[in-house]
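Each structure below is given as structure tokens.
The same chain A turns up in both complexes below, where it pairs with chain B and then with chain C.
On to the complex of A and B.
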């Protein structure tokens, strides 16, 4: 769903980040934490679990992704996740609004699908 | 959250609320002076401070005058100090972070949940033939973090094969967070078997 850059809400950005992260090899699912409520972005009657979007400064937003991944080098995986998120945001025209992207690995699945 | 920390938080909230109420009451009763209805003197009368002084005045006097030690008073005071220290320590102690920050740069932070890392290391050790495993990530200031795994091997078998396979499994997990693995393998209890 295309979103005008100036109108991208926190929920739009959170949803884009989660979709991009889930499309990254090595990421199995997102984790919303205890009660499925700890790590989520809500607004406009919608809730996106597994991501927290906060103001970083007056223009940009900090995106915090909470992920369950397979067993592999996590620094490289987090870089791939960041690249995917920025690419997806650029496609929707709001990459300029994204500042830092924090990646928090909440669980590691040993026999999960290998990254290709 | 530890019980002491939970107690410290609860006591903190209750004390703050009580302090705020007392402060509000005293402020209101400062509106008038002397012995009028809304004065501090009246407040003391309303909360029956004179009666309280009658009740404990003798005891306070004995504390002041007596050359003998009032051991119940000492015990009460020491207990109060101890409880205060525990609450203070619990409130001020740095909370152990739930996630370990592996990398932090201008583009963002990478953190791994302690429990996720611990479970991954323990599962890797068990998959490698250990009969039991306990893992712990130790933070180190100037060197790479240490992923410390203590595992047991089947008592009927030699330790070395289990050690080698556990080390290989734990190395993979440690590499994820660029930590240094350390594996200690001891004989498990009688009857223990690898899964």
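On to the complex of A and C.
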């Protein structure tokens, strides 16, 4: 869904960030924390779990993503998530509003021999 | 030395520190305790001579809570402290009788450091190991004392 850059709300940006993160190989799901309410962006009658969007300065927003991932090198995975989020934001025309993208790896999901 | 100079020196010292791959200009990456604990547990169990992890009480409780889906055996016998750049790992082990405990501890330490640092980007500053029991072949078939 295209969102005009000037009108992009925190909920729009949070939703875009979560969709982009979930489309990144290695990301299993987002984590909203205890009671599904700790890490979420709310507004316009909507709640986007797993992402917090805060003012970084007067122009830009800090995006904080809370993720559950597979077992793999996590700093590299975080960088791929940032690339995905910025690419998706650019497609919607509001990448200029995004400043830092902080990633919290809340848990990992194991498969193969490590799962047992 | 003035206080201002001291603050400036500290800032310069911080700037000289190698930048962690967890803290980049594009944002920070934070690793939750449970992630470090799971990786450390897997790394520990990969080492030959490690029979199990956790003390007898935690294993008995774990057997119950795991059955009802309330806990994960991969966190038993592991506790961690995780900062922005560094982590400390404490392990409680049961070692197979006949193995050299110092050698097992050395191999566990090396593997935990390699796996945790390679997976999370955190620097592991300590791996503390407590060996609480020995496993003898056939121990599983008789009730444990205590």
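Assume the second predicted complex is superposed on the first by the 111 of 116 C-alpha atoms of A that agree within 3 Å, B and C clash if a C-alpha of one lies under 4 Å from a C-alpha of the other, contacts with A are read in each partner's own complex, and residues count from 1 in each chain.
Please note the rule applied: contacts are C-beta pairs under 8 Å (C-beta built on N, C-alpha and C of every residue); 3 or more make two chains touch, one makes a residue touch a chain.
In this text the structure is predicted, and so the values were computed from the model without any measurement.
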Overlay on chain A: chain C relative to chain B, clash or fit: clash
First (chain B), second (chain C), both or neither touched by A:106: both
Chain B versus chain C as contact partner of A:72, first or second or both or neither: both
First (chain B), second (chain C), both or neither touched by A:82: both
Chain B versus chain C as contact partner of A:22, first or second or both or neither: neither
Shared chain A surface residues [contacts with chain B and with chain C]: 63, 71-75, 78, 82, 100-108, 110
List of chain A residues in touch with chain B within their complex: 63, 71-75, 78, 82, 100-108, 110
Chain A contact footprint on chain B (complex, rising order): 99, 102-103, 106-113, 116-117, 119-120, 123-124, 127, 172-173, 175-178
Chain A residues touching chain C - in the complex, by the definition given at the top: 62-63, 71-75, 78-79, 82, 100-108, 110, 114
Of chain C, residues touching chain A in the complex: 21-22, 24, 26-32, 34-35, 38-39, 42, 74, 118-121
